[in-house]
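What follows is a pair of complexes built around subunit A, which joins subunit B in one and subunit C in the other.
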Partner chain A sequence: MSIRHIGPVNRRLNPSSVSPSMLLPGQPSGTWGAVSRFAVVRAEASQRVYGLHRSIPNRRLYTTCAPSSLRPTSALLFSSELRQQRLTIPSVMSRSNSTVASGVAPFPASEVAKCTALVALHARLELPAEYELTTLARALNSATSKLAGTFPDNSTLSELGNRLLDFYVSEFIVCSYPRLPMEIIKEARWAYCGDDALTSVGRSWGVEHERPRVVKTGKKVEIKKDQDLIDYFGVLKYGSLVFGRVGGLTEYVDRENEDGTKRAVQRYSTAMSDFVRSIIGGLYLHSGREAAKLFIFNHILSRKLDISKLFRFEQPTRELSRLCAREKLAQPISRMIAETGRSSMGAVYIVGVYSGSNLLGSGEGRSISEAETRAAIHALKAWYLYSPNSAPPSSTEETPEAEFQPLFIDPGQVIV
Partner chain B sequence: MPVNAVRRGISVMRNGVGAFVLPCRKLTFRYCNRGASSVGMREYIHENLAKFSKENPGIEFEVTHKHGQPLITGHYLNGKKKSIGVANMSPSEIVTKAKLLRNSSGKKLVRPTHPVSSINDGPRGIWSPFHMLAQYRHKV
Partner chain C sequence: MNVFRPILRPLRPMPFSLARASVCVPPTTTTFKRTIVYLDGLVEEDRATINQPSPEVLKLQEESEKYVDEAWNRLTGEHAATFSLPKDLLLQVFTHKSFRHGVLPYNERLAFYGRRLFSLQVACLVAAHKSDGPTSIAGRDVEALKSKTAQGLLHSRGSIFKIAKESGLLPIIRWAPAQKFDNLMEVNPRTTGLLEVGAQTVYASIGAVAMCHGGAKAEQFIKKVIMAGPFGVTNATE
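Up next, the complex of A and B:
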């Protein structure tokens, strides 16, 4: 059992100077007394002005979800102890963003383990115990963030995660629907693992991020030195685009580092999707390929996507005719299956397209040509969305005794 | 290019198909050190909260000291918050309220007046009068 009380400490107020009258009357001076005293300290600290990142003032945190290896030995951490153990932010922040690689220090594991948002995120995603919290903290640190020159950023993890994600998503699409045209494959891949989709995934995990701030004209973005670094580990950090009033107009303004150099900026969607990719990359490094694959299937490929709605045909009847010629089938012929109200305003026709005596597809429409076109589209979709329901090649790697079965390979898209 | 792709938006999350992420991401317990209405809340924090937080590792727990009525607030993945005032409640009642917030989806409570819509196709397909057998068709 580990309860950790964490929160920013007001340097002006000495916790030991809090008078006993502030403590809860009638309570033993053990745990509850400490809790109460800490609360007083925290109430004072809420007066503080916070810096660039979005921090929640006036809080103490209890959490119990740190992996056992990271749990502090004592059940309670009091504010006075915390002050001694705390990283001093100014010493961390004084290093410039543009320092060379030698200036990058690894994330301090003991400090990272105190970040409740990180520990809870670790548990929420059901990451394995060997997935270190420092890796999770690194995944939240974008290359454009304020801490990028101080602590390692997520660019290598996201690069690895991106390749893995691309491979498994492409494999899933191509093995499920081997006849899909390239345009549809690209679109489906974007819908599964493009920046927007991954941003939605990251947001559905409850990851908080730095909010862009509006800057007044002539004022620099002020970075307070006393921001709470431990809480800062738990939010997605990136150099966001910032609006400012320039000559009566609202536009993006440049952000500067402490040494006056221009700071790199990134879109929110890029930063959040890179975070999700980094989680996958980190999982691959810590727990191996199978764990990463399972994670991709559980979080990315379990999402709903209707691939049949992604098609747009330019000349469906002609394309179907060319397809039948290529496959040496009888030329498609459209035949009326049913109709109603031909001479009325609301006529409906049902047309089937046949190759010999085989019905390839049927469509309904307000006019005969519309129904004919729909029938051809349905026939083409039935062709392109053929799904042999075979296991993808990567599934044979998990079980050594499984024999690899060659998959269906389509002769290619129909050329009109 | 005979076949073009249409952008229909990104894939849709189905929480529980594959992975399940609890919608409640954070619970805040606000109490007062002096107020009589916080007696139950103080006891709850002292006695029950540690166990509750251990049972729910994916939730971030926050205890706030503020003068006034005690309050539990749930923060959800959809960005919404839900608060329940727990003034003068006993610890056992607060346990119920905390569980209620933990199990909530975070969606606004509304009376469902519209038909339920689904992202999945109906298993029976769409009924068509033209695809019925001829003897069952409606004769005009």
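Up next, the complex of A and C:
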């Protein structure tokens, strides 16, 4: 076992901190003394969501694609009936997407309603009846897509959804763990609603995306003019990066519009995460903030994230020392609780870090310094992961007259 | 050494208090170092608990409380009574992380939360704009989010910093600038970090109101003080 990943121990601050022969009897490791300001790490705390989950009867995780009966099959797409209804994409579609379209037309509601993928997605996400299919089609239309100039794109919808998502996720983290350091808050926010997380959410909803095509250089990207527009409404459309052979090497190549201008490109993860944000923005517009909040709690915050795994301490013993000084607690001192096999190859030491007579944390290790470091890390994690069970500020949105219990506000993380 | 062996390491586990009582023999009767280590810990504990701030520090704190209180009243204007905050929280709002190396409570997390609340409010206000255009959804047009004012409020700190500057919060903020300033009003806010620190204070005030009074009142604070107050950004939707 190596302790390199824990970080160096600064032993200079506590020269008398560990003395191997000093044995403390009777105290089981992991219990806490009278220092009530420290809290025991709750393993389940990260799963608790203000009790909001409990009110939802059928919470599920969507991990599979649509049932095959709902997915548009090729037989359905190319049936003669549908072929007759095929629409020709207007020639406007290939123009540059850089400007806000003035000649944008709303999605044709009757045509969109025929898109099986959209209907299936609407049902799968259990969206309310007032959530229109045209909004869903808009959410799938990125600003870089071929249809962006023709129909409204999702750039503003995703901006609105992003604000909602960012607020509720940040509030959940900050109010659940009021002592978390800023770096951990930002990491946790990224883990919940960063591009990668949202992409996996969108993929788990069974949303298909426009496949990038491999092209040869010097050749324009071929776009089927008579591609079924109805079918096209149901896939995520974006200007993807494409590969091509350039002088014997495989490289990204520029895609061009029909008029010769460069097409804007976007990463798959950006396009997919913007789609998920747009769904939330659309939900806010159609059904209100409470519905959007519930959706965020069901689909984003229901994903398990172990915040205690995000920590990485550079100098844990020193940080604990600073913390105790700031909180006016006695200087932390490491003491050996138990040891075995000191002169063997498999020695194990259990060290507890004490403030006065209160055990702040204990750790085990193959060497004394490793155990000491682990003890300090456990003590710091127990401090930072303190989690009071209080209602967040947004709980007063619906009932402004209700009395609000002021939250615990932490002074801030320790600066070493 | 062997005399103390059974005391230090009893065969049966015994309660902690009992074990400590048995170990804490008066130091005059023993010359063993290990017992002194225990007593050192207790002495440190006593010393830490009786530590009181000096009169100078107390006087300084009183003064800053007075200044901060005045600044808050200036910012909130007629709504000062509605959005009153406890003294220590108010001091925390006006303290930047750099002040005294972060020993005192500082406003970083309040600002983080307040900024998100503010952005959400701006987005919701803009999205409430009624329209029947081709890009509207459910009778409301979100395309207004692309407007310069909305983008400025969402993505830049400039307009928020202006509130801090005009309501005279800047001299009150407790922070450690990298350079010495003669006149705080004449320095370039973008190159000195003043922009960041000033805007952060205003965002922290939003966060503090939310955490103290709840989200509904914080929305009122944003609308009445930050948007439409005497120093506020007049209208989000132009």
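Points worth noting:
Assume the second predicted complex is superposed on the first by the 315 of 416 C-alpha atoms of A that agree within 3 Å, B and C clash if a C-alpha of one lies under 4 Å from a C-alpha of the other, contacts with A are read in each partner's own complex, and residues count from 1 in each chain.
In this text, contacts are C-beta pairs under 8 Å (C-beta built on N, C-alpha and C of every residue); 3 or more make two chains touch, one makes a residue touch a chain.
Values in this document were obtained by computation on a predicted structure and should not be read as measured data.
In the superposed pair of complexes, A:Arg267 makes contact with neither subunit B nor subunit C.
Of the two partner chains, subunit B is the only one that A:Leu125 touches; subunit C does not reach it. In the overlay built on the shared chain, the residue A:Gly356 is in contact with subunit C alone; subunit B does not reach it. Of the two partner chains placed around the shared chain by superposition, subunit C is the only one that A:Leu157 touches, whereas subunit B remains out of contact.
When the two structures are aligned on the shared chain, A:Arg245 is found in touch with neither subunit B nor subunit C. When the two complexes are overlaid on their common chain A, residue A:Ser170 makes contact with subunit C while staying clear of subunit B. When the two complexes are overlaid on their common chain A, residue A:Ile415 makes contact with subunit B and with subunit C alike. Once the two complexes are overlaid on the shared chain, A:Ile333 sits against subunit C while remaining clear of subunit B. After overlaying the two complexes on the shared chain, residue contacts for A:Lys381 are found with neither subunit B nor subunit C. Touching of subunit A by both subunit B and subunit C, each in its own complex, is seen for residues 22, 24, 413-415.
Only residues 8-10, 13-16, 18-20, 34, 37, 40-42, 44-45, 47-49, 51, 89, 92, 97, 101-106, 108-110, 112-113, 116-117, 119-120, 122-124, 127, 134-135, 137-138, 140, 142-143, 145-146, 154, 208, 210-219 of subunit C touch subunit A when the two sit together in their complex.
Partner subunit B is touched in their complex by these residues of subunit A: 1, 3, 22, 24, 31-32, 35-36, 39-40, 42-43, 56, 58-65, 116-117, 119-120, 123-126, 181, 183-184, 186-187, 190-192, 194, 196-197, 200-201, 203-206, 295, 297-299, 301-306, 309-315, 319, 337-338, 340, 348, 350, 364, 380, 384, 413-416.
Residues 1-15, 17-19, 21-22, 25-26, 28, 33, 42, 45-46, 49-50, 53-54, 57-66, 77, 119-120, 128, 130-131, 140 of subunit B touch subunit A in their complex. Per the touch definition, subunit A reaches subunit C in the complex via residues 16, 19, 21-27, 100, 104-106, 130, 132, 135, 138, 152, 155-157, 159-160, 163-164, 166-167, 170-171, 174, 178, 182, 185, 281-282, 284-286, 289, 326, 328-331, 333, 354-357, 392-397, 399-400, 404, 406-407, 409-415.
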